Amino acid sequence: MEIGLIGLGRMGANMRDRLRADGHTVVGYDAAPGIGDVDSLAEMVARLPGPRTVWTMVPAGEITRGVIDELAGLLEEGDLLIEGGNSRFDDDDRHAEVLAARGVAYLDCGVSGGVWGRTEGYGLMVGGAESDVARAMPIFDSLRPAGPRENGFVHAGPTGAGHYAKMVHNGIEYGLMQAYAEGYELLAAESRIAAPDKVMTAWQSGTVVRSWLLELLVAALGEDPAFAAITDYVEDSGEGRWTIEEAIDHAVPTPVIAAALFARFSSRQDQSPAMKAVAALRQQFGGHHVHASSED
Amino acid sequence: MEIGLIGLGRMGANMRDRLRADGHTVVGYDAAPGIGDVDSLAEMVARLPGPRTVWTMVPAGEITRGVIDELAGLLEEGDLLIEGGNSRFDDDDRHAEVLAARGVAYLDCGVSGGVWGRTEGYGLMVGGAESDVARAMPIFDSLRPAGPRENGFVHAGPTGAGHYAKMVHNGIEYGLMQAYAEGYELLAAESRIAAPDKVMTAWQSGTVVRSWLLELLVAALGEDPAFAAITDYVEDSGEGRWTIEEAIDHAVPTPVIAAALFARFSSRQDQSPAMKAVAALRQQFGGHHVHASSED
Amino acid sequence: MEIGLIGLGRMGANMRDRLRADGHTVVGYDAAPGIGDVDSLAEMVARLPGPRTVWTMVPAGEITRGVIDELAGLLEEGDLLIEGGNSRFDDDDRHAEVLAARGVAYLDCGVSGGVWGRTEGYGLMVGGAESDVARAMPIFDSLRPAGPRENGFVHAGPTGAGHYAKMVHNGIEYGLMQAYAEGYELLAAESRIAAPDKVMTAWQSGTVVRSWLLELLVAALGEDPAFAAITDYVEDSGEGRWTIEEAIDHAVPTPVIAAALFARFSSRQDQSPAMKAVAALRQQFGGHHVHASSED
Amino acid sequence: MEIGLIGLGRMGANMRDRLRADGHTVVGYDAAPGIGDVDSLAEMVARLPGPRTVWTMVPAGEITRGVIDELAGLLEEGDLLIEGGNSRFDDDDRHAEVLAARGVAYLDCGVSGGVWGRTEGYGLMVGGAESDVARAMPIFDSLRPAGPRENGFVHAGPTGAGHYAKMVHNGIEYGLMQAYAEGYELLAAESRIAAPDKVMTAWQSGTVVRSWLLELLVAALGEDPAFAAITDYVEDSGEGRWTIEEAIDHAVPTPVIAAALFARFSSRQDQSPAMKAVAALRQQFGGHHVHASSED
């Protein structure tokens, strides 16, 4: 197939390579000059034969909305746009509506796999109409891992279902990472454990906790066995936050995912205003010592 | 009544003052020289008329066990020992047994109120036999706040019940403090809120969240409105930990008290090994930036 | 002062009584016929001398928005609307804008105190312009508890600050209630504790955990000492949810408030899909017994 | 090698099969008559050539302690006992001491893999002396999965290190399971998601959350796509509890593992006393409706 790919960052560039390696013709565009095959969205659209298929892979929110609005003015009836970035699933409703007004079909596609996707394939979760999914299947089949289609690809439901599934995937990921991380700290805290990294290495085979994330953690420990070179500062992307917001909206208790999110918030605080308040309170009722800020 | 009081630290000294102010004769002893009325436990026992009442108010654990063992060798049949420190409630079983072998009665008494107890009275939770409680009631009545006895004193049950009740009291206290502290941080984080301290001041009357702890927090904010002078380092005493251990033992879900305890653990970590592991993991799968430890 | 009061439910009717008892003239309106002093908003507006003060006290969201839109068409330049319901604080921006277009001033006022406010006074948190707050002060002074104004009333900041403060107040309230509740369950789980209600009764004076909520819990235990007559089904209002959403927006860790919210979600589930999944997983790897749904 | 194996339940019987398949001579014993190769521990010991190797695989706690005490009286200097059950790691100190008094060596071995271990191999975590580990290596090599030894086996440290590592492994497992379970419930709660089981099926390849536990969850969903046949009742074994106790002892924040444990506690409660207390409190201050227990 021929496909226009907008956004050639870490994810987009790898996806382009994987698609080309599988025989597709990719017309790549990036807002940064000199990276893409064309210099503008208009040029990209002009280079593609109709009915066109274009894939957006740019930062979620403002930028994705801007790109889709511009594309709505360039694409034609019968074209198909697949939004593969990390859009919030309710943004998909808006995107679909904007494009439908021009007769352009829309699919949302959650893409998992990170930097490993280029070689191993990407996990794909798609929302939209069955016929549009069928039409883009050659692309999905090239992006997903080898093996049975249903193990790396799902048509999750109507518009938004793909990004909703991806959002939940990422929420789970937060919980999984935090669980391993707490376990790592427990190993590191106990003097009987000679080498936490060796214990985690041994968990890769035969145990209940074996997983791809564990393999990555073992790889990281292999590079820096006690994480001496890095700090505990952890960013969070939107999807962990949205997961909790959806949990609240659906009244679903998600204590583990929320705890994982809050741990990241805490990791980025130099001083916690809340814990200052607790320290101050303890001093008030019990005369307990507080640490003066100059003691730091 | 006449009573021997062992341990004249912040709590013990205040209690001695309150008891004397109410007409009791207190023979105080402290391991630190020059603080007490006598120089040894033996001298204290000798000064008290039988059947004696003695009250221990020393650090929980090793020290309390040592003092009680020594007293077991000095006290006589018919004497009564009241352990008012922060003993773990199952230590009370041991204490009672050691003393019972000598014919000495035992009460455990959880004491709440901190530095304010001297003037306002202490909340008291007592475990042991009814007749022993009755015998020590003049002491309890002097220590507890004015007002109906049942609002500041309870005979909670047999041996250990007093310290169990105090342990739960402290567990609740952890949760309450953390709830206010999270609220404080939310106020401080929002630009619309001109002065978080003024909002909390206004909560002292009429609101659902009014409490003594809130008054203390307002007092603390009055001294240092943005907690600029202190750090977020928060100690925890044994009782918060024991509360979670008992929750586990009884299979009682205590997410709030546990979260409050863990927040204190986190507050004392300069770098979190767990969050380093999460940062390292994110880098592995997503190529996400980590903060080098030299960047700190 | 003269004031129009819209919404005469549990809160509104009590506030009307308190205002009248303090000498104000209240023109009350309720959508339910026969409750108010007038039969329509138009009639209420016609009855009030200009510049008018009206207070909305109706369910947050759709209904409040509808009432304010209707009032925007009835009120005149120089009038003042005070929204005292539980509006989300960012709704206040919208309300203020709608009214400003007509020259009508707007204050948002968070009101705490529940059914006790009529006699004890309400805690008030107000957002808006200083001059508008000054103008309505006679009303605020009558609604708030006796005592120093700053202990029961705060001008928290510009538009939205009042409802933001109230939202945080309610988030804290969730945490406080859950902390006491976990403590109650720990007392009830331990056989040494003869009567959990008596222990909590004794905490009302002298202890660190004394509070108004504790008094209410003791009152509830007085009516039904083991909560035998009620179930564990607990509703949540919007404000607990919004608190977590704001915590996420501000990247403030709020593990205690979130845990309290999730506990309410769980309390309303007959069967937890998540825990079914855990049960199924345990069976898969360990051959552990699951409870068939017919065993219930 | 020749080895005595005590305990032929689900785990022990499978391990015997795997060892025999790999050429070892196993003398099995079980307290239940007719299952083992011998009728008593004494007979088992008599059948084994010295220096003997015996492996205990019986329920942790009382039973394991009893068996080891009995074996201490039967084994001889130079023999080796490997405790492969789920002993608490500090029990290992006691076991080692009891046996050392008789000149019998001791290894503790955490065994993971559940019912799948017989065919796939078991993850093994061992504590004890290097020379004892070396001596038993043929057994460990047969039990662990094929592939590099260090990926399925670790000599984690001195006595207790094996069971400590296994305890942490299980704590992590709690967190992982709960993360997937929360994600499952979020998928099931959203109407856009046509089939949660299909989404999870698609996560098995290419995604960040792929793991063995996910495969098991997909298998479970394959048997019962909406878990209609089972209830949400989830047991917990000792190891999740011990993990939190150790976290407390080491002051390691473990919010995710604790939340997972508490979710299990909650799943087993028909009515939550804590949430009854919250419901009662809401009624007290707000006049909110409670559900009468007869309404259930």
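By letter and in written order, the chains are A, B, C and D; residue numbering begins at 1 in each of them.
Quick note on the criterion: a residue touches a chain if its C-beta (ideal position, glycine included) is under 8 Å from a C-beta of that chain, and two chains touch if they have at least 3 such contacts.
The structure displayed is predicted, hence computed values, not measured ones.
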**Request:** Sort the other chains by how far their Cα centres are from that of chain A and give me the top one.
**Result:** B
**Item:** Of B-C and A-B, pair with higher C-beta contact tally
**Value:** B-C
**Asked** In angstrom, rounded to a whole number, how far apart do the mean CA points of chain B and chain C lie?
**Response** 33
**Message:** Roughly how far is chain A from chain C, centre to centre by C-alpha average, rounded to an integer in Å?
**Reply:** 37
**Message:** Can you work out the whole-Å distance between the CA centroids of chain A and chain B?
**Reply:** 46
**Request:** Spell out, as numbers or ranges, the residues of chain A touching 2 or more other chains.
**Result:** 114, 178, 180, 182, 185, 189, 208, 213, 252-255, 259, 262-263, 266, 272, 274, 285
**Asked** Which residues, counting only chain D, touch chain C once they are in their complex?
**Response** 10, 114-116, 177-178, 180-182, 184-185, 188-189, 213, 216-217, 219-221, 224, 227-235, 255, 259, 263-264, 266-267, 271-293, 295-296
**Asked** Can you name the residues of chain A that touch chain C in the complex?
**Response** 208, 236, 241, 244-245, 248, 251-255, 258-259, 261-263, 265-266, 268-269, 272, 274, 285
**Request:** Spell out the part of chain C that touches chain B in their complex, as residue ranges.
**Result:** 89, 112-114, 117, 120-125, 127, 144-145, 147, 150-161, 164-165, 168-176, 178-180, 182-183, 185-187, 189-190, 192-194, 198-199, 201-214, 243, 246-247, 250, 252-257, 259-260, 262-263
